[in-house]
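The two complexes that follow have chain A in common; it is paired with chain B in the first and with chain C in the second.
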Partner chain A sequence: MSNPNQAMVEKYRSNFLKEVEANVEEGHWVKMCMQCGVCSGSCPLGPHWEHPPQEIFMMIRAGKREEVLGSSSMWMCTSCYNCIARCPRGLPITHIMHGLATYAKRLGLQPKTQPTAKFSQLFWSNLTKTGRVNELKLGLSLYFMNGFANGIKTALKMQDVGLGMYKTGRLNPLEILGGHSIKDTGGLQKMLKKAFEIEEAKIAEYKG
Partner chain B sequence: MSEVIATNQTILVVGGGISGLTAALEAAECGKQVILLEKAPSVGGRVSQLYKYFPKLCFPTCGLEIQYRRLKANKNVRLLTMAEVTGVTGEAGNFNVSVKVSPRYVNENCTACGECEKAVSTEFDDEFNYGMKKRKGAYLTSAMAYPQRYVIDPRIVAGDDGAKAKEACKYNAVDLEMQEQELSLNVGAVVWATGWKPYDAAKIQPYGYDRYDNVISNVEFERMLDPFGPTGGKIVRPSDGQAPKNIAFIQCAGSRDQNHLKHCSRICCMATLKQTTYIKEQLGDDCKSTVYYIDIRAIDRIDDFHRMVKADPNVTFVKSKVANITGGADDNVLLNGVDTEGYHRYRNEHDLVVLATGMESTVPAGVLPTGVEINEHNFIELDSDSGIYGAGCSSDALDVNRAAQNATAAALRAIQVVTRVAGQEG
Partner chain C sequence: MAKREYSFYPGCSSQSKASSVNYLKSTQTICEELDIQLNEIPDWNCCSASIGYGGGGELPRISLSARNIALSQQAHGQQDIVATCAACWLATREAKERIEHDGEVRSGIDAALGEIGIKIEGEMPKTRHMVEVLIEDVGYEEMQSKVKKPLEGLKIAGYVGCQTNRPFGIDGESYENPKYLDKMIEIVGAEPVEKYEKKASCCGGALMFSEPEKSQALVKDIIEAAYDGGADMIVTPCPVCQMNVEVYQGHINKTYGTKFKIPVVYYSTLMAVAFGRNGKDAALDGQMIRATRLEEIAKK
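Moving on to the complex of A and B:
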């Protein structure tokens, strides 16, 4: 593309807002933000965000696709709901943050070292295998998320918690053998596959 | 009380603020019969509680005095104070309005000499000063009260103070036997102008109006400037009575907010800009003002005022709605947020915070007949045929100028109804 004007238009095409509206959960709310800043100021994780929610919403409208989807910001959200409680425009900010994170992950654009993203993937794989969360396996995979040595260290540190959970019936050591599951695991897999296909088709419409 | 005569050619105006006064006078000066009802012991409404009004920065006495003089001179208006509408039935051209008139315990003989006030001792929160000051049980609502007639608080009537007040009055004006009255008025059209009340700042939980002494509302700030007001005209910190050096104004406090008032109250931007001029006038370079805002809504002509304030080096503007307020040292407070111009996180210390709270409509529930359309903001819609017309801040959040225009329009519509009735009756 030789025309610099054209290049700029391409760079800032507002298609990204449309893409967010179509593909991100609660994405249609983004245009309602009036840039007051209350959400950003209310977030307890505030100082650790690369871009606070208010800025993310403006970046979406400015078409900064790669910066938004590659940002670690949405992954910092702890679902405290402070922002939703205070937003004067009633935006479901927490949900939009999770929607953006999910979408970025789906496209493989999330920051590669983001621990929340990694954990979310572990949780999802664990849950969808049998339709039930296998606490033992999830715990173990979480411990070893950052390498073997680290895993042993964490496991030792968490010993008492594990024992406590075992005693109160919250953790069954036999789960290691496969664990409990729903009746129709195959049915669940099929459902999820179908849902995934529907989402993929929708995403394909706007995928950059 | 003398008989109130009303017919279906009479226009009833409810609320004696600047809007109700304007509507009543415009209709009366057209030769129509008007009854003006005011709930308080005096007319004047919220305007009489302001120090000065924008954009010209004149004192409220200026506009109100003219209205009072017109009122006094006009035989077509019958004013009833301490009167409240309890129900309206009927239709355009033929309404039946029930009214409750509370006893003032002081009759027309009163010369406002103030002897009763001197004689009594019990004190109550002064409504005119939003409870920032006490007043006696025998009182005049303000120096500018109209009518200039004292009131006896019902809470002292039965006690010693009641007897003392009666004894002190040389003109036989104190009448402790006065009773509440129920009236039933037949009128042709109604202009509803009961105005606004300040949005309850304590409901904006993150701003801690109820937790921090030095977080006040804009209507309270306005009262501080009145030489007869709670601080004798001085701008002070409520915590220690000292002059502040670093005041913050928070715009849209409780307005434009799904959790509070959804509408823009429209006057609070201008009210804040105006209040920064009070600070300049009284404290000069010794006090800075910072205005935290989403966007400044100083519309059309009054944008000049906005520019004038912007040019003042002692006034800073921060584009951000403050997220919350926390306590600091020396009764100061910390304003926390993120600004929109660069997304900088701030924690700014101020020694006094003025919340620019907005206007909440006072249109009552369950009083007006079903034909009257009341919108989601509790304002009366400009519906043309109901025979009941909202005026001033009963129809929208308006400044004095626009409220008066709007009230004149409402009067004109009411005049059309009673003129039609007169035509039919021949």
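Moving on to the complex of A and C:
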């Protein structure tokens, strides 16, 4: 099975809801949505969502797989928890949005230029390397995530912020040489590898 | 012997020369004053906040917090874990809940921790926000009794933000209009902005990095509402909020033609000054937009 997405398409032919329930974090909640729309008015970046959460849940039930997983919507979630605080059915909407995003990314279906998809991967890679976030490297890789020329432009635009942070002792240029780290990075990576394996195995199991 | 002891999860952003090192400094200062001992979790790791999901799925993310919980138990037994960062608090607390309620997650976590020879023993300790410790354990009265220099004449907008409010809330307060930060402002002798309309609205969080224009539009409204309420400064309980609201004011001014220049401080900085500590202990030197009114009081 070289293409994970193709495998999922075959497996769940015409039942996207089942696929979500099995493979998406907290996906078993989706069927509980009563389409009241409260969550959709709650997102801080609401106007920028292609499909607000309520619509996403409707589309999942309608089997609109490509539209949902390929959407930039979930990546607009700021993790503000407005929706969770308000949903009359108690759906963990924030987590489902993150879960859909994770799943889409795993299958390679996320929009290719989605900045938050890129940033959240950078963040993860940054922290798992040493066990702690290296803010300088994270910042730099962020500026350069859309190519070199763009990176220079962003870095220049951000100069004032960087300098201000440096002057107040809140940014360390030497972090480029390594920076903060936990002692047991080897162990951390071993632990994460195991966690990934278990998750992969679970998804594979639903394939059969 | 200190009166109150906790296991402490500082979080990446408060490490030396990281973006909220000033938060850590001022927190240490008020803990000294209030006789609180924070025992750092040995070799703690980052929790991946709310934004790590692009790289890590459910289990890898929860395993990060689980490792911290296990290490905390190992070193500090059942002491409550205290976090100063909202995202750290939330991630660790959510991890505990998920591990408790989802058998599949539990067995996955046991296996992942097993790889490095550690485990979660019995009941997991609670994870609490520093603000909870102050309000629930220390109490408003005791905090007030430590005030030596009331911050008289200052009007402050209490910006609670999202994650120090939702989904868990502080001290059982309402999500739409939490009052604890206003009460803390009153305790230190300042005046809270009444009906601060953007009190619990979102600053964009980590999307400030990936979607700067969209997030800065949110921050613009947060600052505008503070000015509208007559605020001299903004106070927050969260390192992400603090940074987002303070450091992009120049960019926002350029985009919108505004003239924002409002200091954004931590509650711990306010308290340290009111408790009579100097500017250094209160970490006033960590302000990109200097809190001159606080500096004056600290110097008196």
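Here is the rule we go by: the second predicted complex is superposed on the first by the 188 of 208 C-alpha atoms of A that agree within 3 Å, B and C clash if a C-alpha of one lies under 4 Å from a C-alpha of the other, contacts with A are read in each partner's own complex, and residues count from 1 in each chain.
Here, contacts are C-beta pairs under 8 Å (C-beta built on N, C-alpha and C of every residue); 3 or more make two chains touch, one makes a residue touch a chain.
All values derive from a computational prediction rather than experimental measurement.
S.K.: Superposed on chain A, are chain B and chain C clashing or fitting side by side?
M.R.: Fit - chain B and chain C, as placed by superposing on chain A, sit side by side.
S.K.: Answer with first, second, both or neither: which of chain B and chain C does A:K18 touch in the superposed model?
M.R.: neither
S.K.: Just chain B (first), just chain C (second), both, or neither: which does A:L171 touch?
M.R.: second
S.K.: Residues of chain A touched: more by chain B or chain C?
M.R.: It is C that touches the greater number of chain A residues.
S.K.: Between chain B (first) and chain C (second), which, if any, makes contact with A:K105: first, second, both or neither?
M.R.: second
S.K.: Applying the document's definition of touch, where does A:K194 land relative to chain B and chain C: first, second, both, or neither?
M.R.: second
S.K.: Check the residue A:S79 against both partner chains and state whether it touches chain B (first), chain C (second), both, or neither.
M.R.: second
S.K.: Mind working out whether A:W124 is in touch with chain B, chain C, both or neither, as first, second, both or neither?
M.R.: Second partner only, chain C.
S.K.: Looking at A:E135, would you say it contacts chain B, chain C, both, or neither? Reply first, second, both or neither.
M.R.: Only chain C is touched by A:E135; chain B is not.
S.K.: Just checking: does A:K31 make contact with chain B only, chain C only, both, or neither of them? Give me first, second, both or neither.
M.R.: A:K31: touches no partner chain.
S.K.: In Å, how small is the closest CA gap from chain B to chain C once the two complexes are overlaid?
M.R.: Comparing every C-alpha of chain B with every C-alpha of chain C, the smallest gap is 8 Å.
S.K.: Taking the two structures together, which residues of chain A meet both chain B and chain C?
M.R.: Looking at chain A, the two contact sets intersect at 85-86.
S.K.: Would you mind writing out the residues of chain A in touch with chain B in their complex?
M.R.: Contact set of chain A toward chain B: 34-38, 40-42, 46-47, 51-52, 54-55, 85-90.
S.K.: Considering only the defined contacts, which chain C positions touch chain A in the complex?
M.R.: By the definition above, chain C touches chain A via 12-13, 15-22, 43-46, 48-60, 62-64, 67, 104, 108-109, 111-116, 162-163, 165-167, 175, 201-202, 204-207, 209-211, 214-215, 218, 247-248, 250-251, 285-288.
S.K.: What residues of chain A sit close enough to touch chain C in their complex?
M.R.: So the residues of chain A in touch with chain C come to 25, 44-45, 48, 76, 78-82, 84-86, 94, 98-99, 101-102, 105-106, 115-121, 123-125, 127-128, 131-133, 135, 142, 157, 160-161, 164-165, 167-172, 175, 180, 182-184, 187-188, 190-196, 198-199, 202.
S.K.: For chain B, which residues are in contact with chain A within the complex?
M.R.: Per the stated touch rule, the residues are 206, 252, 256-260, 294, 320-324, 336-340, 343, 345.
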